[in-house]
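Right, I'll just put the structure down here and ask away after.
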């Protein structure tokens, strides 16, 4: 890509956002019938659905832990979710994303309530823009709450990036592909970081600025997550809204 | 292939058969020493061998059913059985054939006699013409009887096809490849259908005619299966016939 | 390769050895901290490391033997150990080498001391010249002793070959690739053969000569193995030599 | 699918309902649950459809890319159909490559498209013997509340009917709508307690254990049929099911796929 | 092979027979079970053979197809040997890719063919560096009643000796018989109770747990050898086994493979 | 990694040490174990390095071969990084394809090399769009006594810095040293009992269960960062860890990688 490409015009990003602005976020809890908890999220062009099953019995049994539940997290991209069709099944990237995403949620799940069991989190990326792992964590966090899994708090996640030497919030595809750095972060409402990755090139000062920027994004997402759960509970209390399925 | 190709000459098919005629069928029961039951079949150019092991213990154990035996069916083509060498191991087609073949036999097997056990049916296609799945079911049915597995009845199987707008019995390779439809069927002697598939294009009337045609084929095959089992029992009763192995 | 190539010049081989001479052999026991026993060997250009874990519990449990330990042997080549990069993971060759190597060691291991357990032997080829399987067995044998696994004796291994119609000891790469025959052998100090393979073409007399030649090589290697173990025990008794790790 | 547990009690309950000519959710025996169909939902796909059949949800994406033809049909496009029964959609689904249920589902959808000749594969040739358009039909099950077969089949044909061949992206001229010549529709019926029920939900599927799926074309021909599950069917019931299926397929085609 | 259970009683019985110079089926120690060999049994293969060795049954099919040469031998044909120990043939075989027993069997048969130089790989070049004939030797075990090694080896060479290169089918001239220059024969001996027994049956294989397979060529050379199984052998016994094997291989070659 | 058993007693012991400002092996909190680095140890590789970090041992081999470029970067070389956590190295490693730990390790090393732009991929083009040099970085863990991440990262850059492009072997001119433009160094810190400890050994890794790995370049920039393990970190601690890491990386770079 041409090095002279500018990511800003009059301080405004290519998609019309200011540097510290999130893409539109839409979250809906309780979208699946079979799963114990579920959540659908749109973050910009990302469309991601998460489901939670459990706590339930562990198979194979030798994976059981006697003092707590284990958490499994499977991040998966639908074949048609990306520009060039993706072969179905996990690749090295999705294995890594699953690992860091699981570790982003484990700190808040009260796993010791459920010894010898498993809590399964499944995340399907239906359409991918930049930031699918953070969208997945946001959805998974709400799906866990929807499933009634006891948690210390929600986890909220978004990335900061660096383009044209400037720190931005929530990079979209072009900013991610052609920018200078990407730093996904997940955190609890009280500021504990549960996921942190970075690639690209940041000075130590830029790294700090990126983290502060991402933190602000997480705070906004946290509010949207809470609202989705409140909406979900209202629907549950008012059965007329629940559709014909019940 | 040239669209003008005719599958009939004076009402007679390319291999000399009339529309409602089966290819030559040869069935021999008890052809393997290690298996609990076995059967070799030739149906036209198909050469297929079936073996039954069990009822025996299930591994892995979590597949056990507490009220009945499970049935497993593995349809496999030898690498050299087809025109272009086939890579060893199961492909999507053989998985599907295995599934529908197992379901073709399950209705007649008295599985509740053997809780927590497994009945394994292995079918090896040594040479393939059209109709290997039906040949496999015919052989497997006899092999189950040869193994002494209690059954309500045998299952007999053959296909009907549609070529030049006409319904025929037991399509051979060219009729299958270049014809307009194929409909494999399996049934019990009392007319219960245990396998039914169709592809191609049939009007509803043709569909009925094809089913009636296939039913007649199954009835003929049933007689040959019975004869093979009677031959087998005669040999067993007359040990002189059993060869030097015993 | 040109058929006229001669493998000898004045009775001396291309790398300066006489026909019955081994390449330099260096063996060191106890080179790894985590493993229960370990050994590093250099035989000519081969660099091989072996580790032993166990006797330990068997997973999956259905592999357990009630009267003895099972032995597992995993021969593996590092991707960078050969001329053209090798894809990681086992191939057909390494499965076969693992099998015959395991069988080369099983006769000397007192497996009945440890019912229901497993003794795992892992062999990593870091750099391959000809003869990696024999180097692996030599290292594994010492690693088993280093792990304290009770054995009737050590096992020593090397190959004989045939080049220019003459039997030689311990073929190096070119002699193996372009020679007329290769015969790896492993044996106990009292002359029991525990591994024997051959390919190429040997008259019956050549076969006998090759075996006698390989036997002499094994006897020399046996002395080096013993010395490596004595060195190891001396180090253990003299803690000052053990390095800062303890 | 190994743990498709359903209590005998539930099965008895369904049986008693049938004896009273009822189904658990109040439908008549040949009535489908509410169907909703939305196309163009995935921008990254060249065609897509989200189907809801009661609470069952299926997403189908079609991707069209240039690639090599098969050696035995060098001048024709290629269709590859795949179904992912991801563990998100049911406690009975497990991670890993498609099992026999996923394979059967994909192959049935594929046969419907293929045998109805709805796609003109000759029109998908770019350079004979070298480059053709490859249609990937990817079925993603999101919520399995029964009869994912009919939902997948409907989603597949709807996605195809709204798909565009992305020629421009590959420097092969302007994008053009994928030509669809016939509209195969799959309908599934179970036999349970002596009656035939269309569009089974999860409980009905489990209780009945045998289904017959019939795929019919716009002119009322049968272009695919498959008995699924370990139970027998009489020939008479098969004939009745085919008649029911033809009629239901016609309704679905007219209501949702009328071009 | 994990459940190759054989009671100690059965083993004791075999041991007592050996002490009386007997085998369970009455054979002498160096006697083979009855061998029958039938070629051309699979029309779809370019060469095939069905071997019976007592109750052991093995089917070998050879397919010959054009393909790419290996980069380090651009002007030579390719041999690929594969053995399927399908679960039909023994309660000890399991479905799935070949385990170490199947791999060892295939590699030993392959080495016999290759090291004896029985196939002239130079004659199998079509276009140097681009296209050569690939020989697939596929071994299908049908009934494992012991010593599938010798049966497979015999089947492989018989299938090759009767194989035709299907040149016409690929527009490469007329079909021609595959040229076979040597006839490797594998023979297997077990040591048990101090005696050496040829052609072990299943019980003998299990009781003895160590075998030596020797592959010899028409001129009596050894072109392959492999000790199999977890037991030692003395050098003297190895020498005796090689002598027995050479003689038996000669008999088999003359009786079944005499061109 | 499933059986990474560590008794609570051992963890308590470490905790009490920390309370006394001590570590089990007497190091200060930011002190690394003894490092030794040896390059050129594998002649068959184009670059190689053996790293010892205390008792941890890692071997990295670099192979450079011509191959096809990726279609989206037709004029650039390719880097492929792989880590084998072979069962020889730890009772917690199992045979088979890399699990999530091996994948994460390889991808982190890869990101360090890639994001620091230490390798000029443009210089690795042979024929644009057709042939480029492919760098295989293969990490072989030999003895896992903790912090294999830092050892692997150090081994990888050392192997690259001493690697030669084997052009002659492929008839592509003379061999030339692989040009390395920056020197990324990974350093790992755990938080345990309220303190931050560099270069954790196995027990410390297990006790702490959360690590932060920071990869820095020669100019002190951060080119990679990853929290690993199921525990949270405060932002303040992250900032402190980055500062510690920058300093430690500088020391390691100067001591072992000074060109």
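To keep things simple, chains are lettered A, B, C, D, E and F as they appear, and every chain counts its residues starting from 1.
By definition in this document, contacts are C-beta pairs under 8 Å (C-beta built on N, C-alpha and C of every residue); 3 or more make two chains touch, one makes a residue touch a chain.
No experiment lies behind these values; they were computed from the predicted model shown.
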**Study point:** Set of chains adjacent to chain C and to chain F
**Key:** none
Study note, to complete from the structure: In contact with chain B as well as chain F, sorted by label, we have none
Study note, to complete from the structure: Taking each chain's centre as the mean of its CA atoms, chain C sits from chain D at a distance in Å of 58
Review point. How far is the middle of chain B from the middle of chain D, if each middle is the mean of its Cα atoms, in Å?
Key: 27
Review point. From the C-alpha centre of chain B to that of chain C, how far is it in Å?
Key: 51
Study note, to complete from the structure: Note: chain E sits from chain D at a C-alpha centroid distance in Å of 48
Point to revise | Sequence positions of chain C contacting 2 or more other chains | key: 62
**Study point:** Multi-chain contact sites of chain E, meaning residues that touch two or more partners
**Key:** none
**Study point:** Arrangement of touching chains [line / ring / star / complete / other]
**Key:** ring
Check your understanding: If you start at chain B and step next to chain D, which chains follow, in turn, all the way round the ring?
Key -> B, D, A, F, C, E
Point to revise | Residues of chain C touching chain E in the complex | key: 62-63, 92-93, 95-96, 98-100, 102-103, 106-107, 183, 188, 191-204, 207-208, 211, 215
Check your understanding: Inside the complex, what are the residues of chain C that reach chain F?
Key -> 32-35, 45, 47, 49-51, 53, 56, 74, 76, 78-85, 88-89, 120, 122-124, 126-128, 244-245
Study note, to complete from the structure: The residues of chain E that touch chain B in their complex are 34, 42-45, 48, 54-55, 57, 59, 61-63, 65, 82, 84, 86-91, 95, 97, 136, 138, 140, 142-145
Point to revise | Contacting residues of chain F [partner chain A, same complex] | key: 2, 98, 100, 103-104, 106-107, 111, 114-116, 212, 217, 220-235, 238-239, 242-243, 246
